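Letters A, B, C and D name the chains as they come in the text, with residue numbers starting at 1 for each one.
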Amino acid sequence: MKVTIWNENRHEQRNENVRKIYPEGLHGTIQYFLQRDGFTVNTATLDEEEHGLSEAVLNETDVLIWWGHLAHDEVRDEVVQRVYERVLEGMGLIVLHSGHFSKIFKKLMGTSCDLKWREANEKERLWVVDPAHPITKGLGSYITLEQEEMYGEHFDIPAPDELIFVSWFEGGEVFRSGCTYKRGKGKIFYFRPGHETYPTYHHPDIQRTISNSVKWAAGLGSAMPTYGHAEPLEPIGAKTNSKGDNKR
Amino acid sequence: MKVTIWNENRHEQRNENVRKIYPEGLHGTIQYFLQRDGFTVNTATLDEEEHGLSEAVLNETDVLIWWGHLAHDEVRDEVVQRVYERVLEGMGLIVLHSGHFSKIFKKLMGTSCDLKWREANEKERLWVVDPAHPITKGLGSYITLEQEEMYGEHFDIPAPDELIFVSWFEGGEVFRSGCTYKRGKGKIFYFRPGHETYPTYHHPDIQRTISNSVKWAAGLGSAMPTYGHAEPLEPIGAKTNSKGDNKR
Amino acid sequence: MKVTIWNENRHEQRNENVRKIYPEGLHGTIQYFLQRDGFTVNTATLDEEEHGLSEAVLNETDVLIWWGHLAHDEVRDEVVQRVYERVLEGMGLIVLHSGHFSKIFKKLMGTSCDLKWREANEKERLWVVDPAHPITKGLGSYITLEQEEMYGEHFDIPAPDELIFVSWFEGGEVFRSGCTYKRGKGKIFYFRPGHETYPTYHHPDIQRTISNSVKWAAGLGSAMPTYGHAEPLEPIGAKTNSKGDNKR
Amino acid sequence: MKVTIWNENRHEQRNENVRKIYPEGLHGTIQYFLQRDGFTVNTATLDEEEHGLSEAVLNETDVLIWWGHLAHDEVRDEVVQRVYERVLEGMGLIVLHSGHFSKIFKKLMGTSCDLKWREANEKERLWVVDPAHPITKGLGSYITLEQEEMYGEHFDIPAPDELIFVSWFEGGEVFRSGCTYKRGKGKIFYFRPGHETYPTYHHPDIQRTISNSVKWAAGLGSAMPTYGHAEPLEPIGAKTNSKGDNKR
């Protein structure tokens, strides 16, 4: 299974603290643990040509992971359109943290994806609310992150197809922090944690969750549905009048 | 619209503190504010004949509210069956707090309805996660209850049709505290708050939520679907072979 | 409650047959029965200034009905954006028939909204699959349309929040023909029937369904959620270390 | 992965026609193709001791398949309870055809599971409405069964977590014929086809669907959530008064 991790990779250039926590970039850390778990993993970043997401790269990608924050607007619309079409064709998409405001996530959701937020080094506890879901395999009842950015409700998303995690925050908020969706043939997982100034992606249970979600999101490899004009499968117009009962 | 409030009414007999908070019983307080909001409201309690839920009473009830805790097992199975059938026929059902373990709720859910709990006089904050839902009409972003019993995830319920509230608890847990379901023609709302030793049902926003939910849950008054053997609506066997395209 | 019916109004100009069935335009017929049912109803069409959907008009609209087919691309993006924002703010939206391919519906869905289709004067039967839903109030088990255009699965939409109708077609297909969604504070109903060359909107049960859906979709009139930076509601950093049990 | 196929096995004893189509019983045919697909498969039938579903058997079962029709009432309640508990603990359950009226399915659904039906040798066409779902892997747009019993809407089930197939019937009905649910840690798939007098379980795409569903339904093997009394994870009562903004 082939995974591509897309990272904006700007905080890493500007902030020494981020570089200390993620010396190879956020994408480097995620690549490391997904390779460890047996996936074939490449990375792509904003400042590469076509943001590293050429047709060729996307056609080879089973699951795309997305981390962006500062420069959502710099992502070119034709690349967003390309990713969008690949998702509808069956490519899995894992959107992390501040990716909630990325063009691709908003386009797939059809909502503002807005939320409350606060940077206050506060504790987050992600509770598992769907213990039957493969994304939660091997987790306990919750994951504790000693310090994270807060995201709070109301989170302006469509009601998720499946709600997997709900976060508790020290400052008094809650958040639907693990949500799945299907769009076309593609499966999408939004996973809240991962502010760049905290070592969140080094946490074993966060790694396990992302690794599980990649397995879950990978496409089936089956052909696309056909659309458009369709010949009748049964004869039309040969029928007698309707009969039968339409009472309630 | 006719509402029947069913209350176990045992804590009120045994615990002076509960009597102080709810001098007319939990059912009396709920009756008071629903009458104030314009509903026709009767009450029924465990120790009445047929628990106060005769055929005649249920046939006249548009929405039934359920509060029970100590004596779920004393509720007779034939009364549970009667309520169940009325729900499938279109009677609304509002299940409050410890009613999560009532026979009727478990029967309608098909799960254990188990959860974590703690009585520690702790703060609960109910966040609105579905601000488009009529049950949240007139509420702010959240409701704060200074002292409540804690209920925590995992809550063993089917994924709700609609998730309306998520609770934050001071002690570190979260809970899906407002959930809607449909069963047959009936609409169901589970609403978490309301431990008997706290003045929760005197809180204006809790009253507003329950009042909204009664309006939402009331049946349509339309006839039941028909089931069983059905004559064909179209002629069978006159067709030519299937044609057309089954490619993906 | 104020309803605005938006109609592309092009078929009516070009096709005498359509004019015969809908002498006042599709919008005129819909306006007629909604006024009869007690709503305040205005109309707007593509060729009016701003397509008849100025800020002022939309701000006064509780529910917008949308019918378009030939000229989706002529609808200006800033008007689509305006409608989109109003939906997120709580305006109801009823999308009819070929409106599945409108810019506004695709933007709210996040999918291609593609489907199979055929014009063969064939019979459609819309089965009620959610008899507890207010949109189905007063209907029998199904609605029969003697002649309609066929729309067939796969319909590339997000799984609906609620599936209300499923259509049977004489030629052998099925279709999820009544689907609800929430986006932000707005409620959306997609309703399949209504090809311009058939008298579908004169059918009493189609009228009843649209009328019910308008009532259902109307906003609550409550204020918008707040988003953005949020001060903590509880003190941060004063806590002792976490305790407790994280076993499964 | 260990599969147990439970078959009532009564039609096979009484009806020569059924024996001709399924010489080893319905369970024998299903066992055959699941073994071919690599599963370890045992069978159990009504007339065995404990209906073949002892604690030992169920504890070793990852996915249970259920086919029953004539004798739902003969299934003992303690065996139903045992299966129910195993589902909540994570055992997958595939309920086939007339199993919609089995005690176990009704108990897990919380509804009557009633429907319309007709035996008229008519054509069924199962349309895939969720092509992103692993249960549909390898299928085309639909499956055609030249002769089947009809099941028609309204089907009195909770709205499925995922709707996978919708059936078209020659006589004019539709049916939600592939539905998934989660209950506790268990995954459930209801799949409509399979009347005993037709060779449905010999159809390659029906076999593929059941085989896919077994893979999908198998449990994660992770531990159960904990329930009951819970110590606080955070200190209670040390907080200052709430602050912040509760405007909408």
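Note that in this section a contact is a pair of C-beta atoms (placed from the backbone, for glycine too) under 8 Å apart; a residue touches a chain by one contact, two chains touch by 3 or more.
Computed from a predicted structure; not experimentally measured.
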* Structure fact -> Check: interface with higher C-beta contact count, A-C vs A-D, is A-C
* Far-end chain from chain A, centres as C-alpha averages -> B
* Distance between chain centroids, defined by C-alpha means - chain C, chain D (Å) -> 34
* Asked: Distance-wise, how many Å sit between the C-alpha centres of chain A and chain D, to the nearest whole number?
  -> 30
* Asked: Which chain A residues sit where two or more other chains touch them?
  -> 123, 125, 128, 130-131, 139, 141, 152, 154, 159, 161-162, 170, 172-173, 182, 184, 222, 224-226, 230-234, 239, 242, 244-245, 247-248
* Residues of chain C touching chain B in their complex? -> 90, 123, 125, 128, 130-134, 136-139, 141, 161-162, 170, 172, 182, 184-187, 219-220, 222, 224-226, 233-234, 242, 244
* Hey, which residues of chain B end up touching chain A in the complex? -> 125, 127-131, 141, 152-155, 159, 162-163, 166-169, 172-174, 176, 222-226, 230-235, 238-240, 242-245, 247-248
* Can you list the chain A residues touching chain C in their complex? -> 88, 107-112, 114-118, 120-123, 125, 131, 139-142, 144, 150, 152, 154, 156, 158-159, 161, 170-173, 181-184, 225-234, 236-237, 239, 242, 245-248
